[in-house]
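Letters are used for the chains, namely A, B, C and D, taken in the order the chains are written, and counting of residues starts over at 1 for each.
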Amino acid sequence: MTRDLRPFRPGLSRRSVLQIGGGAVAAIAAPAVVRAAPKEIVVGGPAGAARYLNADVFPVIEKKLDAKILYEGTNSLTNLQKMQADRASPKMSVVIMDDPVMIPAAAEGLITPMTTSAVPNLGKLVPGAVHRDGLWANYQKPWAGIAFSTKRMKQPPARWSDLWDARYGQKVIVPSIQNTEGYWTLLVAAHLETGKPFSEAQYEIDAAFKKLKSLKPNLLSVYTNAPQAINLLEQGEAWMIGGQFSAYTLIRKAEGSPVDLAIPAEGGFAMPSGIAKAKGAPADALADAVVDALLSPEIQSILATKAFVAPTNPAATTPAGFPDSATLFAPDWAFFAKERAGWTERWIKEMA
Amino acid sequence: MTARLAVGFAWLAALAAVLFLLVPLLTVAAASFSPTPVFDLPLDGASLRWYARIATLDGFWPALSLSLQIALLSTAIALVIGTLAAIAIVRGRLPGAEALATALVSPLMMPGLVLGIALLQYFRAMGFTATWSALLLAHLVVTLPYVARTMIAGLALFDFTLVEAARTLGCTYAGAILRVMVPALAPSFLTAGLFSFLASFDNYPVSIFLTDVRTKTLPIKMLQYIEEAPDPTLAALSTLILAATVILLVASDRLIGLHRMAGTSE
Amino acid sequence: MLGPSGCGKTTLLRLVAGLAAPEEGTIAIAGRDVTRVPPHRRNVGVVFQSYALFPHLTVAGNVAFGLSVRGRPREEIDRAVKRTLSLVRLEHLGARRVSALSGGQQQRVALARALAVGPEVLLFDEALSALDRNLREEMQVELQRLLREIGATAIFVTHDQDEALTMSDRIAVMNGGRIEQLADPKTLYERPATLFTLGFVGQSTRLRGTVAEAGDGMVAVDTAVGRVAAVGSYRAGSSVVVATRPEHLRVVAELAGHEGAEHARNSVDGRIRAVIFQGSRSRIEVAAGDQILLAEAPGRIASELNPGDAARLVWPVTETFAYPDPEARA
Amino acid sequence: MTAADLPVPSPVVSPAPDRERWLAIGFATPAALVLVVLFALPLALLFTASVAGPAGLTLSEYAKLATPHYLGVVWNSLRLALLTTGIAFLIGYPASFALARARGVLRSVMLASLFLPLAASVIVKAFAWTILLRSDGLVNTVLMALGLVDEPIRMIFTETALVVGAVNIFLPFMILPIYAVVAQLDHRLVEAAATLGASPAVAFVRVVMPLTLPGIVAGLALVFSLSVSAYVVPTLLIGERYPTLSTTIAKAFLLARQPGFGAAAGVALLAITLAAVALSARLGRSGGAR
């Protein structure tokens, strides 16, 4: 895996190719350098979070810091690719990505550690929320369960094993392992097959795939495109999505869609939303301030109510009905990140 | 008898094609009037709330403007250089004409995101970071195949003596191309131009790697909107774009018609 | 310009029009060197073989094209279009689309379009070949009338010798990229300078032989059928082809009294092989040795001839020409 | 002039062939430059990873492609492209003739219906197809009303849905280039063929088909290239159960961070498609020369 993480390095032939191309492109379009205004900062993160961040969170931070936050909402893996290409002069100063994407970003040296002196709130988070000595931190924890259509199901699904219930032939959608939330189905399958607790079952991958295969008759689809899957659930064509999470499903529910999120008896899971500073990025001090704000109780309270996520700063207040963050299982993401490519390939081979 | 059958079959195929192509568009248009936040049919009732929402979408107008700029410019450039290349290929005095004809389609053979990643790394490796120019150049690669391929086909039956006739009547070479070849091949140019414009205007797999937070094309914005919520906003937005395209099509139909009229009075 | 397909006559026309550029040499129109002048500034009018009418324009639009490109005022263009169309007798069809016209009408539109700009030289590239025979002959007459009215120089390219002979003041016979002979139609026919011209324009009777005696612009040639005298300057021993036009060959029934009577005549004895009736005249094939000679005779005389009869062919020496034998040369 | 000094006839020399050739080269240069500088070089750079191993050049990434699973993936891509191109041609070829015959408003409506779909994002159209093809969707309702099926048949996320969607999205790219050629077709040629004693079928095969070949080749090349490299279409219409080269390449670059393997798969895709398109162009040319 480490071999595959090597960055692209120009070789001799590569350099000469670039010289040819460089001359020609420069002739076609003269490069113009765009510099950010001094009190401006670019934050990159998932597109799905753009609405609540722009509407409810950033205005508060902007007012506090007297700065302008520009949010670059793009799929995490695309953002990672862009960060890699832009490593010489990064455009994004702060990035929001799930832990499994933070791990390769860290390995490729694209993010830089934060300190409690510059980001005081870093030291106030719940245990386990700060990774690799401040390289990144979890600023929120959406929880994952089973999203279901309230139009089709009068009773919320009670257990994860309901996904396998023969009554739901071709009614179930699960996320692809290419998406972070795709891991939950695999983990549950391992747990159901072995009977071991999640913490042990997460390493029993052969068992997981065995159980997962038996889910095939119930599967309508395996999604990589979340909006499409949610749309199918909202239409009632799908009845359940295994492993969907609060920051998506509950926002849709709040907007009036006939969907809801159930936390099965075996337990829910904590989604690992991380935040980090890009290495060598502009507006370094401002980046520290923005991260600190996102880790502050004030902002995390807003996030909790608007985005239905569990705070990682214990001082933040949560509305009633939120699951206890401590009951949510957080798996070994390093193991997941290491194995994901292989699992994806195996998944495609076995589930096709 | 066979001939009549064949004609009947042709009309049947055309009717089927038209219906087949329009059904999903009508579905989208219908769903845009949904009173609920679900992108679905049938509807109970109708509402314009998703149209109202478009006005509140952040970054919509700049994205539309950028997409129009890039699409118009890349189409204009692609039309010129693609047509020139097609002339060179069709007139057959070019060494390796057939290879060039195939090579000109090759950008379509690459998944857009591969092209996007390739261009992103290439531009960055050269220290080229101007987003607008990068987008224009990338879209030129995306649009050129449509123009070149359509024009090669269109020129195959074109009688180049017309260009020579115009030259002996007092036109320069470029003037002859503009005054004779362009109007005589209006359907091909229209097809090539619209293919190219729409391919650029709707492109996101290439654009997504080259846009940045300040410079986003409309499809990238639309992708962001649907990621935020799969509600009928996108249906409303698409319906508006479709309506604008209808206007564009009617206008270009008129324009070509006007051109013909201008021709008769000359 | 007359010649077989591929002889380069269209290329020459294109060179004159400026649509192709010469590698060497100069092209001059009315004494003005136009070698480097692009086609749009040469002031020539071209009528193309395919007519090359602009399909997106009407008849009037096509005729007006050259003037409107030159930016002439609208009234002037309208007047010129009207005048030119009436010249080609199409004034009533100005608003038609060109695709709705017959072949002859299209040809006339092409002509009107070329004429409208008032060219110094008119170029016709096989302009009549696409028309059927009757229409072609009608157009030939009409074109001659028009060209006389306008008084412009016209260059026709054709592979049709009748058309060339009918329409031209001077004909350039082309072969293999070269002009074989440039002459008025009469000279060209009566005094063909080369074997090619002889063969391409009209019929001929030929005999291969070797020069036996030479002198004073005349040669005596030994052929397979006897000695023949011809006009030409060659050294004794040269291989030559002697030829004459069939209409100069008279068929004489074996009348012994004529023998040697006229010094200026050639004669060959043979046997009639075929008599082919062709209306006012008949073609007669006479076998002499292993040669076949072509003669022509008025119908009255021909009707008395029968295949198998012995016959003597007699023709004037002054109508007999000697050419270098191309096969001997090779 | 005497016969003795006549020049020897020489073969025809076409005038200044170099000038025409240089003009053609000049015309082709800008497009070729764009292709080289903005397509070939960037891809070459990206694809060097496919042969760059830890110890110099290696073909190990290509060897991975030769496993049964990835050969199946290649077959999926080809199958999708062939089905889409074939069906689009069967509908599109006759339709383009009707389009060329149509006049006035009818033609405008037909042309508009070909261009209009290009203005709608693939994502939105995929949403629409889900609505149409789902178990209680329009298509199943119609099928049941007609008594063709007794209970809803599953269509979404099947190969049927994939091909229907792909044909829907790529059909205009088949019809319009063919139409552009058919519209120029001189109908007198067909009539001429008929007067020569050709039956309509023979006249069609011997006269019309060869004349429309440039359009056919253009349509086939466009639709094949687009469908073989389609990424969004299979992702949204069938998902992971139908892995294609495109989805595999995307995964390798973005998710698995294996640019070497992604590059190898990209090279394979480009090679296969170029070969297919060059072959169809060659067939078109030999057919046209018949």
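Following the convention adopted for this analysis, a contact is a pair of C-beta atoms (placed from the backbone, for glycine too) under 8 Å apart; a residue touches a chain by one contact, two chains touch by 3 or more.
Quantities reported herein were computed from a predicted structural model and do not represent experimental measurements.
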Relative to chain B, chain with the most remote C-alpha centre: C
Between the pairs A-B and A-D, the one where more C-beta pairs touch: A-B
Rounded Å distance, chain C centre to chain D centre (Cα mean): 52
Cα-centroid distance, chain A relative to chain D, in whole angstrom: 37
Centroid spacing, where centroids are CA-atom means, of chain A and chain C in whole angstrom: 87
Residues of chain A touching at least two other chains: 8, 14, 18, 21, 25, 28, 78, 81, 227-228, 231, 235
Junction residues of chain B - those touching two or more other chains: 39-40, 117, 121-122, 125, 137, 223, 226, 230
Interface hub residues of chain C, defined as touching at least two other chains: none
Chain B partner contacts - residues on chain D that touch it in the complex: 17, 20-21, 23-28, 30-32, 34-35, 38-39, 41-43, 45-46, 90-95, 97-99, 101-102, 108-125, 127-129, 131-132, 138, 167-168, 171-173, 175-181, 183-185, 199-201, 204, 211, 214-215, 217-219, 221-222, 225-226, 228-232, 246, 249-250, 253-254, 262, 266, 269-270, 273-274, 277-278, 281-282, 285
Complex contacts: residues of chain B adjacent to chain D: 2-3, 6-7, 9-18, 20-25, 27-28, 31, 39-41, 80-82, 84-85, 87-89, 91, 93-95, 98-115, 117-119, 121-122, 125, 137-138, 140-141, 144-146, 148-150, 152-154, 156-158, 187-188, 191, 194-195, 198-199, 201-202, 204-205, 219, 222-223, 226, 230, 234-235, 238, 241-242, 244-246, 249-250, 253
Interface residues, chain B side, partner chain A - complex: 36-40, 58, 117, 120-134, 136-137, 208-209, 212-214, 220, 223-224, 226-231
In the complex, chain B residues that touch chain C: 159, 161-162, 164-173, 175, 179-180, 183-184, 186, 259-260, 263-266
Chain A - residues contacting chain B, complex: 8, 10, 14, 18, 21-22, 25-26, 28-34, 42, 44, 46-48, 50-51, 54, 70-75, 78, 81-82, 85-86, 88-89, 91-92, 226-228, 230-231, 234-235, 251-252, 255-258
